[in-house]
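Each of the two complexes below includes subunit A, the first together with subunit B, the second together with subunit C.
And then the complex of A and B:
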């Protein structure tokens, strides 16, 4: 499993005219890995997915998707992938849902008709409806069936639950989990809705201003990030180098998300003369939120990161 | 099925394993009962299948479940509530202590509280085996 290639991106640059959307993106997703890709609007998430699919060319760097270069083997990557773009541009509005599915089945090697039917049932597709008359959520569900029915070993999903109602969201997340169990697909899942997808991911990638600000294994994140609640007697607590986000900053009690091991927090608390109420783990969604909210430039994050990973190693032993 | 909570301090795979242990203790899971498949449980909990796999591996290491090739994961014949009791008790105790410490209570006060609670109400489990989730 570790031998097969997943996705490797090195120094990737992509610009639109004078605007640079991706300015040196580096990350590696192992085969079968499931990355939650988050970032503010305009961070470059959609551009990145389109480069991986060879829908957009790139100017510099190297990209390998399942061992293939999109610039050379774009067609093979697209055939292997289940791609769910953020925006749907489908020119055949008069086609009915069943015709849209059969259109996809014709150019997808490995299309599984029985699975397509099961997906259509679970997603409650109405086969006779014309594409142009579908609601946003309904067209999203049709697209999902089209993206999954050939059992792809690569999933590139841009806001897969966008426009769906709460029950629809649960179903889609369940379907994706099931798909992962059956195919072990290498997956990039882009979303602003961090909490609903957090259980699926084993890796978190945070993109900001065209660069990777964080790329880490979920288990490691869990060990190195904590939520600390503490009380302060008078005034503000002294600055802590590991602070990522102040979730609540009351006069007497504060709640921080920090990048630090428990012992490091304790040591700081003693020196800072604050009394800790509790130190608890942080959910992946809240960790992602802390990185999105923190306005520290990448260089500062890297500095904090390197210093904690050494601390956490000793903590772990 | 098994509830998991991303904000629970226990890792997700530990939560799943704990739920299975509790099921054995309550006797809602009995020897030779099938656990949900990795695929089913991943779907129902919307979890990465590796997380479920990790929980099942841990239970297998403890001898509480076994894998029948191609058929699934089953509760072991030797998985008696007795030995599981100690593990579950420890885990519940840890939760109680964590909650008490958070509230500013000492462990001694917690123990005292449990004793006086026992005096006014009967906390022993009912014969129905408790609620299944």
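And then the complex of A and C:
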């Protein structure tokens, strides 16, 4: 991964009539970086991917994909991209699977027929079936083969495992891991199922209400975010500057997701006179949830635990 | 590697416009629905029926009281109506089923949006042109065989059908096709906008005339259709197809072609 920006988005705004889908999105993904893009339904993930592909226009801000402006060089960006849309519809439903692959190959000078065949075999595509008769999972697998077979240097994947059975998911994730290792493609991977793709990513971007609520390196997130279980003797604990989310606990126990290292948490516990039961790392999914559940604006979230030091181990007290 | 270097190593967009037209022409055939097949059959059957009708030696059909020439005239007129109707409605089939999901797929291909959509418009235009060719071919054969008398139309009240000579037929059909294509590109559908326009053009003035009986309204409505450069005239029975009608037809066809090209480049409904 080089440090040159693969994707740079600055102050991006996108409206659908009166509804603002993206209200000032900012992030930078280095060339070769792999970002997980998460957020609730309607957060603007799909809109963002479509703006990057110049499938949708945008009202304000600036976007650069592989150094190109989608509004001017959309076709060149799409030539370099493997795009897996959220939808499984295909405009030509009567085409058979092999004809769908053949159609894509005509558009892609870099189409690798041998790789396409290997993908088709791995994904167990049934070449003689018409698109309109495919199940959701089968359609997804065909789409994935079409998106990867030209060995794109940019991957924009919108829920790539949606509709797949567990074995299919594993195969697809394995294929993606191989593809990323081979091509070093700059990738945005949209998903609601974080745990299945977290091994692929080096960056987590959380989108909520059209804005970036978190954009951080995955390793750093793992080191700086913890779940704290502590017991409370008398009343509520004092406020902590690093609290992101309070999870359900009990009468005598509290569970917090915090942005803090273990030492900061322990210092706070001594000062606050609370008894810590356990400090454990938080999964990426729970981290994302903590940022999404918070009602604080993104600027305040950035300030939470901003002077945190890293500590990766779990602490049992 | 700098940003500029990254963009320089991107693959070029492919294929070119002609290649795209070829792809979409094949797709329209492969993805054809039953309706298209019916039209294709009609495209061959109607002129064939017109040509095979025994004329002029066959005696009048007593049972139906329709003579051979009359049948021939009717078939040719049906051919005209079918062709015009098809030119108007065919873009609905060309752009059928292109909802947001399908649109995203189509727009994700590595070619410019304008080229891609215009390629489909051009590929879709082959069928109306084939129908026109079939009609004109039939008409030419009829004339060559000395049966050109049937061409002036169903009755002497509609001499305009006589004007369906090669250039004007192509112009009117292409204009109709481009009008509907631009509606498809702008609204994602053809039939409803066409109905609205048709209602506005014909029913509203007609209702006004009937309700008010005002002379000045009648004058406006009449001039809207009779004026040589009026777009309404192009698709009405007033269109004679004579030399004076060619230039306006050419003008409107060019204007609609420009509109279609403009709309094809926009992020839009299709």
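Here, the second predicted complex is superposed on the first by the 295 of 317 C-alpha atoms of A that agree within 3 Å, B and C clash if a C-alpha of one lies under 4 Å from a C-alpha of the other, contacts with A are read in each partner's own complex, and residues count from 1 in each chain.
The rule we apply is simple: contacts are C-beta pairs under 8 Å (C-beta built on N, C-alpha and C of every residue); 3 or more make two chains touch, one makes a residue touch a chain.
Because the structure is predicted, anything quoted here is derived from the model rather than measured.
Judged by the touch definition given at the top, the superposed model places A:89 against subunit C, while subunit B stays out of reach. Shared-chain residue A:74: touches subunit C; no touch with subunit B. Ranked by how many residues of subunit A each touches, subunit B and subunit C are led by C.
When the shared chain is aligned, no partner comes close enough to touch A:97: not subunit B, not subunit C. In the superposition on chain A, A:53 makes contact with subunit C only, not with subunit B.
By the touch criterion defined above, A:174 lies against subunit B but remains apart from subunit C after alignment on the C-alpha atoms of chain A. In the superposition on chain A, A:107 contacts subunit C only, with no contact to subunit B.
Residues common to the contacts of subunit A with subunit B and with subunit C across the two structures: none.
Residue ranges of subunit A in contact with subunit B, taken from their complex: 34, 170, 173-178, 180-182, 195-196, 198-202, 219, 222, 277-278, 280-281, 283-285.
Contacts from subunit B toward subunit A in the complex involve residues 4, 6-7, 9, 11-12, 38-39, 42-51, 98, 101-102. Of all residues in subunit C, only 1-4, 6-7, 9-15, 19, 23, 27, 30-32, 97-113, 267 touch subunit A in the complex they form.
Interface residues of subunit A, counted against subunit C in their complex, comprise 2, 4-6, 31, 50, 53-57, 64, 66-68, 73-81, 83, 85-95, 99, 103, 106-110, 150, 153.
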